[in-house]
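Here chain A shows up in two complexes: once beside chain B, once beside chain C.
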Partner chain A sequence: MFGTITAGISQGFIWAVLALGVYISFRLLEFADLSCEGSVTLGASIAAMLIWKGLNPFLASIIAFCGGCIAGSVTGILTTKLKIPPILSGILTMISLYSINIHIMSIATGTSGTANLSLLTFSKNTIYGVLRTALGLEKTYVTLICGAVFAVVIIAVLYWFFGTELGSSIRATGSNEKMCRAQGINTDTTKILGLAISNGMIALAGSMLCQYQNFSDVNMGVGSIVIGLASIIIGETVFMKVKNFALRLLGIVVGSVIYRIVVAIVIYSGMPSTDLKLMTAVIVMVALSLPIIKNAFYASSKKRKMRSEAAEIDAEVTKNG
Partner chain B sequence: MADISTMLELKNVTKTFNPGTVNEKVAMNRLSLKVNKGDFITVIGGNGAGKSTLMNAVTGVFGVDSGKIILDNIDITHLAEHKRAKYFGRVFQDPMMGTVPDMEIQENLALAYRRGKPHGLKWGISASEKTLYREQLSRLGLGLENRMSAKVGLLSGGQRQALTLLMSTLVRPKMLLLDEHTAALDPKTAEKVLTLTNEIVGEDDLTTLMVTHNMQNAIDYGNRLIMMWDGKIILDIGGEDKKKLTVEALLEAFSKASGSAFANDRALLS
Partner chain C sequence: MKNSRKVLSLILAALMLVSTFAFASCGKTDDGKAGGAYNIPIVCGETGMNDVCGVATYGVNYYNLGVAAGDMAADILLNGADVSAMPVQLDPAPALSVNTKVAGEIGFTIPEAVSSNASTGDTTIAVTPVAEAIVAEGGDFTVGILQLVQHVALDQSNKGFQDQLSVRMSEAGKTVTILDQNAAGDQSNCVTISESFVGQDVDLIYTIATSAAQSAAAATEESGTPVLFCAVTDPVSAGLVESMEVPGGNVSGVSDINPVADQIDLIAELLGKDDIKIGLLYTSSETNSVFQIGLAKAECDAKGYTYVDKGIGDINDIESAFIALAAEGVDAIYIPTDNVLANGAANVHSINIGG
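What follows is the complex of A and B.
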């Protein structure tokens, strides 16, 4: 049980990078970006292929990040310059990436149509393998430490970036595009840039995930956006009253870790792992509709109260009259 | 030929929406207008007269079909909206439109302070700016100077419009464009915002276009009044003539100039 939970936490840190990426598009740009699903796999495919080719895993992860940035820019260009609706732009990128990812993994094996790559024989040359040798610790702890350090560094960088003039203009674009153009901000550029950073981080998460599980598969991104959203929503619920931006980002990391712990416990208690996606979707559905459910509940309880008050007055009138 | 007294000139500007369809609408019909430096022009006209189209064409929300738009001797006809932004301060009718609700008051001001400048990797707000913002906010007399890190989404419509007005003039624009900026406010707040507008415009001698549905306001404020109808300017009154205007005279002038019996209060004031 303890092992399950620590494994959950260390995976939580990896998925937190993805959730932070989704946060940039979903919350800051108000753009439900489905290219996420392709970008996760893109990052994994690039990292796996480069590690197969013997490249330094840290360098491979950085290149994976850049690959994600390109994917995000494509979605951005589709929606801003070619005026394709946001959801469709994301889907187009995602679908294109499916083929591209197979091509990338095929480079490693030399056989076309390679849909997955195992890194088991290269596990010493992943970021976790290298750090394990360097630190002389067990894999779970290496993943934990590495994930925590990574999360802190990424939060710090994001906090800095979104506080700068450029970052502020990206945040403003998501909130009020018309006003931004009136202030001289090129909203096409800010959107493309925001999506590039978002998908870059998602691809980085993908590369970390593939190095963690020593495996890259063309379908590994399926449902990742929902997992990202679940982490964001859990984080926002836990850190509800927090206004500070850095703490809100931290909330997402915490949300991601909580999500993974829940998943670990659920699977440990015997739920088939294939039901996981359904469970995640239900969590997100309930969380997103919570305000409406709350309002409906509030309204009906108010109605009941008013009705009982009216009945009391009636009774009073009958008594006195 | 450089013309130093003219701030804005529209030459035969035409804009048609949905051309070739049943919804075709000529919003600006060979419209020409010369705005002098320091002019405070009020713009009136019924719905669909082309007032907002005029504003949007000048600021580049959309391109025009033909004609030229010259601002201070620069041809801006084909300049992208975000590139002309540095020349214009804008306040929209909808109080939600002019500010970023998810950002702090000071962050909004910081965006306005950088209007038309490149956005780099410097920190979004410097300490010296904050002093400037505090000073400027205290001019509004709304106590916002003590709430600089509050989210703009928490402010009332009137507070937001006042803030938008301040933002639009924080860096002196070549022109201030007000598109029915008090229409969504209650009468008392509207009056406050108008007084503030008059103060700000007067202090900096800003060249201003103010669209309004309130004819009394159109008469009371500014040094020039134009009336639009069917995509054209049908009346242009300035100087002493404007001071003598009354709402009745304006209605009469409208029916004469437009040559239509449509000139009732409803057409103009709705």
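What follows is the complex of A and C.
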């Protein structure tokens, strides 16, 4: 059980990077960006291909981040310059990345149409492999430490960036685009920039994921947007009253870890594997409806309080009357 | 908003134009096959597809593969066999099967030489599972099964494995606890399930499909838990084993590679001539399919057959790819073992007969 949960937590930290990326587009820009599913695989493919070519894994991850930024900018340009609706722009980037990812992985093997690139023989030359040799720890703990450090660093950088004038203008674009333009902000630029950062981080998550599971597969992005959104919503539910931006970002990391732990527990409990997807849906559903349940609970307890107060007054009136 | 509508309608109009041209050009090369019936004999990589749209093939039986893996598992658990020295197994005897129904529908006569060779009846290895050997909890051994996705062939490999393992266990007077998990097609679950198995300290992990096997291999790097795979076509390039003969690590298993060369030769036998043009239809994103197409091309080159290949991206591309192959005037179409096309087999057949 302990091992399962630690593995869940270490995976949660990796998915947290993805969730933070989704948060930028989904919450800060109010942009439902579906290119996410392609960007995860893009990051994984780039990192896997470069590691195959013998590049330093840290450098490979940074290049994967840059690749994601390019993908994000494409979505941004499609929607701002070509005026294609947001959802469709995301889908267009996502489906084109499918082919591009296969091409990238094919560079490594030299055979066209490589849809699955294994890093099993390169496991010493992944970020986790390198750190493992350097620290002399087990893989789970290295992933745990590495994930936590990554999360903290990324939160710090995001907190700083979205506090700058440029970052604030990106946040403002999501809040009120017309007002933003009235203030002389070029919202096209801020949108493209926001999407680039968002997809860059998603690709970074993909590169970490592929180094963790030791392979990149063209279908590995399937369902990632759901995991990202679920993590955001669980995090927001847990950190409901928090106004501080850094703490809200931390909430997403916590949400992502909670999500993975719950999935790990569902799997560990040995329930029929056919029900896995249903269970996942139920978890997200519960997380989504928690605020409403909470409010309904508050409202009913308030009503009860008011009713009992009214009864007391009534009683007093009859006594005195 | 108005602008985006305009752009959308422009795109739609352009798409309509393009598709009209595409259809018009297809019509030309069809030589007046107005109903769209192509009636091209198809040879598939596996029997399941052959039953739906093919005329004849050499088939791999996924239940048999599971049985072979079950034997390997029993050798590891009961006899302490060393995984690193267990060669990757193949289907021992792929059986020739013909589909007279489809042949009749497309008006193709299967030559006597082929049909007389076809095996009669079922080639599934008869295994009588012993239910008592599998216990829900506290068996002598614990085996984790990780299957990538619910799928007929993969389910067969799972069943064959469990059946054969139960037989071997009962023969040895032992019991086994099986933790059967399915990632439901989500690769992030593969990792979680593998880690969970390692955390539960299972004696062996049986994985079905490539990315499931890779996840388990990554998760067992430290523990060294034996991992057996099934339904992996090319375990060497998947990084699972060093070579088919000597795996070298904690991973080995059963490959589901079909006899591609035999199947290509079968096309020539079916057509009764050597001067043939074969259309190769496959999903370009499936590593296994690409690998088989490579083998198919090599065989074509060796025998001097000409070929055209058309890769598809997803199930919606089947029709256009099929029409494109027909337009090239191929004598027959070869479809490898391919998940997308297996799901679209009925579609392939209905396009072929113009229905």
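Keep in mind that, in the parts below, the second predicted complex is superposed on the first by the 270 of 321 C-alpha atoms of A that agree within 3 Å, B and C clash if a C-alpha of one lies under 4 Å from a C-alpha of the other, contacts with A are read in each partner's own complex, and residues count from 1 in each chain.
Note that a residue touches a chain if its C-beta (ideal position, glycine included) is under 8 Å from a C-beta of that chain, and two chains touch if they have at least 3 such contacts.
Everything quoted here is computed from the prediction, not taken from an experiment.
Of the two partner chains placed by superposition, only chain B is touched by A:171; chain C is not.
Applying the stated contact rule after C-alpha superposition, one finds that A:123 touches chain C and leaves chain B untouched. In the superposition on chain A, contact of A:320 is made with neither chain B nor chain C. Look at A:163: by the touch rule set out above, it reaches chain B but stays clear of chain C.
Considering which of chain B and chain C touches more of chain A, the answer is C. In the superposition on chain A, A:179 makes contact with chain B only, not with chain C. Legend: residue contacts after superposition of the two complexes on their common chain; A:215 is shown touching chain C, with no touch to chain B. In the superposition on chain A, A:139 makes contact with chain C only, not with chain B. Chain A residues in contact with chain B (one complex) as well as with chain C (other complex) do not exist. Residues 1-4, 7-8, 11, 15, 82-85, 98-99, 102, 109, 111-116, 118-121, 123, 138-140, 209, 212-215, 217-220, 222-224, 227, 260, 263-264, 267-268, 270, 273-274, 276-277 of chain A touch chain C in their complex.
Listed in rising order, the residues of chain A touching chain B in the complex are 161, 163-169, 171-172, 174-176, 178-187. Remark: chain C residues 3-4, 7-8, 147, 150, 179-193, 195-196, 198-200, 210-211, 214-215, 217-218, 221-222, 237-240, 284-287, 290, 294, 311, 313 touch chain A in the complex. Note for the complex: chain B touches chain A at residues 59, 61, 80-83, 85-86, 88, 90, 92, 96-103, 107, 110-112, 114-117, 119-124.
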